[in-house]
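Take a look at the following structure, please.
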């Protein structure tokens, strides 16, 4: 059964109220076609996990502006003023997480770890509600794993087995998110035959990918 | 010369040949313009690569290669790309020799506040908390005061980015080292006195016998 | 300053009593030239961290047979009977660690984490002396990071900036070990010009590598 | 047909099209020989790849591609290689649908002992502890007794590999499902009675109304 499906078919897996991971750093590496598809489809009340909310007209920013996000975990929202406004108005429940901690929480979710100990955030508001654990006389915070119902990722090249290769800085949160969701949909900038990506250069193994959608780009 | 250039020029002198350096967005990015030709610094961009180069010429931008501020950059010979878990593993794991960051407040314990002003500005910490905790040397590059009010305090009043992690503070009028004993005034800018600096600094400065003149490499 | 040095020069960094990480799975991915160099040089009392001790005549197995190892952390020693004999005779202090846990401990060491929580080993002898932490009603063991003085790794292609690319199953523990040691020496099956490995396909960034030695293969 | 083939044939029927499967070294490896043509199973090798294929023809061995037992294998179309942290992330993270492993002892709580006999054999657990904890379904493939002594016990006496993780036990004489209530005898081999099985099994078996005959696909 081919993993390549239409945008509509792939997005049948995303329903109101779901937890959705979306990669991207200021929009770079974000699957824009999938995000536009979500807006088109009218999905709402999403719990979005991402690194930042980009700008109002780009990537995850569009979901924010269009009121699709009820809950948000991110490391940075400063480049999209709408996020801050909606947060202050109580329309979006925002949790800010240090970017490196976010990467580890998602990785832990995908790798079956119960959490990781990080020194990041000790003595700051990030510590609130978290367990502090001492190891060899040094203090660490216990950060718990994150998982999602769906991850919407983006590959520069994706082969028909779902193997993904990323170009430049588009990689960012894509590989971890691909491991941490029940359903993984990848938007392919280019779909290639199996074998065109050397097995040694595959970054996300196809076993993580459920559906492939051709990006418009 | 404006304050920002003075600061960037002075910070550039802190970087050593072969250092792996992460420059924060905004003013710290400017530091790379003043690194001497005989010093090769490897710039790390926390969104996922090393050997970051300068901005591309107009029309040469690659959508896939941007810095941590989202602006187009280039990569130099030797570059490699990686994911955010690896990138912050590099940062948190002590593989970055120095990071240069801006600040809202720094205090005499080396505490740093740089990421939010409650009720006004809550952009998020991004990668700053990891950088400050993980980099071997944390250099704060900032203007000495904000609207005439001191930013170098006895104790930070804003939410912290990290506790006791700042090593050096470079402003347009001085260079201050953070030590266990407190803030040591190492250098003052030309035409600036020790008293001038103390006057605009809330924390009490430790004044060694020999306070040098800030060398901004002119 | 070139990272490419002679075997002798590189091994000046390995001294008696040091903690040394050596990758390889049954010898595949182990830097044989570096291991032979260690034996030639006469370094002893090593604390070796590795996945397995291969066979007596191969890879890490040779260090065991030649009495260079005083302390060992490994996940499997069954294919090299000498390891078990020396362990039973009290000549080598062996700690057995589940392979996935070992990978995470080394990764944590390199990534500045204070530890990870894993479900692996709960209720077994692996649990002895370790802290058990409950997360969401599930039990996990706190596994602490591992670091080393030196890591001896092996790349299939290594460029002059130290960027490493691995072929096939040789990758195994190489990438993690390259991040977790003070000094990293890579044995290159092939040394190539910078740029011959696409920056998108580099697995171990050159910033982790201190010395490159041409392997004899 | 020897016991090992009977076991491998029966285990093969447990695997579904599209499953990601890790076969332990030794007898479990043999299972791949009996997977029906219309079932495509993706084999994971914990030393770092997926889509493992059969052993290469003589002379075609690639030193860099070996299975978890160190023996030369091939990879199929769709393969990818990764490091051990990723490999065990796949395993521990629940991305492996089934693992087939040998055992020294299994007990009625689903506890497994497979990695050491104190004072005699201490090979180490390798990847077995992670596999048993992480795989969605844990199938034990082993001969029913060892030197005439039961291996399916009320309680394991050897050091455990994992607690309460075994789902199914396949031997040359029966198939047993591990449930909360205990061990349920699902199938017996042709010519073998329920009583025969109980006689060589220390744990008390739960006998449902309908015990099927083991189908080994002949």
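A, B, C and D are the chain letters, set down in written order, and residue numbers restart from 1 in every chain.
The criterion applied here is as follows: contacts are C-beta pairs under 8 Å (C-beta built on N, C-alpha and C of every residue); 3 or more make two chains touch, one makes a residue touch a chain.
Just so it is clear, the model here is predicted, and its values are computed rather than measured.
Removing chain A from consideration leaves the other chains connected by touching as one piece.
The chains in contact with chain C and with chain D alike are A.
Rounded to a whole number, the gap between the C-alpha centres of chain B and chain C is 35 angstrom. Computed from the mean C-alpha positions, the centre of chain A lies at a distance of 32 Å from the centre of chain C. Computed from the mean C-alpha positions, the centre of chain B lies at a distance of 55 Å from the centre of chain D. Residues of chain B found to touch two or more other chains are 49, 81-82, 85, 88-89, 91-92, 133-134. Multi-chain contact residues, meaning those touching two or more other chains, occur in chain C at positions 104, 107, 111-113, 118-119, 166-168, 200. Two chains count as a pair here when they touch; such pairs are A-B, A-C, A-D, B-C, C-D.
The touching residues of chain C, when paired with chain B in their complex, are 107, 109-113, 159, 161, 163, 179, 194-195, 199-200, 202, 205-208. Touching chain A in their complex are the following residues of chain D: 20, 42, 44, 49-51, 75, 77-82, 85-86, 88-95, 133-134.
Interface residues of chain D facing chain C in the complex, by the touch rule stated above, are 45-49, 62-66, 68-70, 81-85, 87-89, 91-92, 121-130, 133-134, 159-164.
Within the complex formed with chain D, the chain C residues making contact are 25-28, 51-52, 74-79, 84, 87, 96, 98-104, 106-107, 118-126, 156, 166-176, 203. Chain A makes touch with chain C in their complex at residues 104, 108, 111-119, 131, 133, 135-136, 138, 140, 142, 144, 165-168, 198, 200-201.
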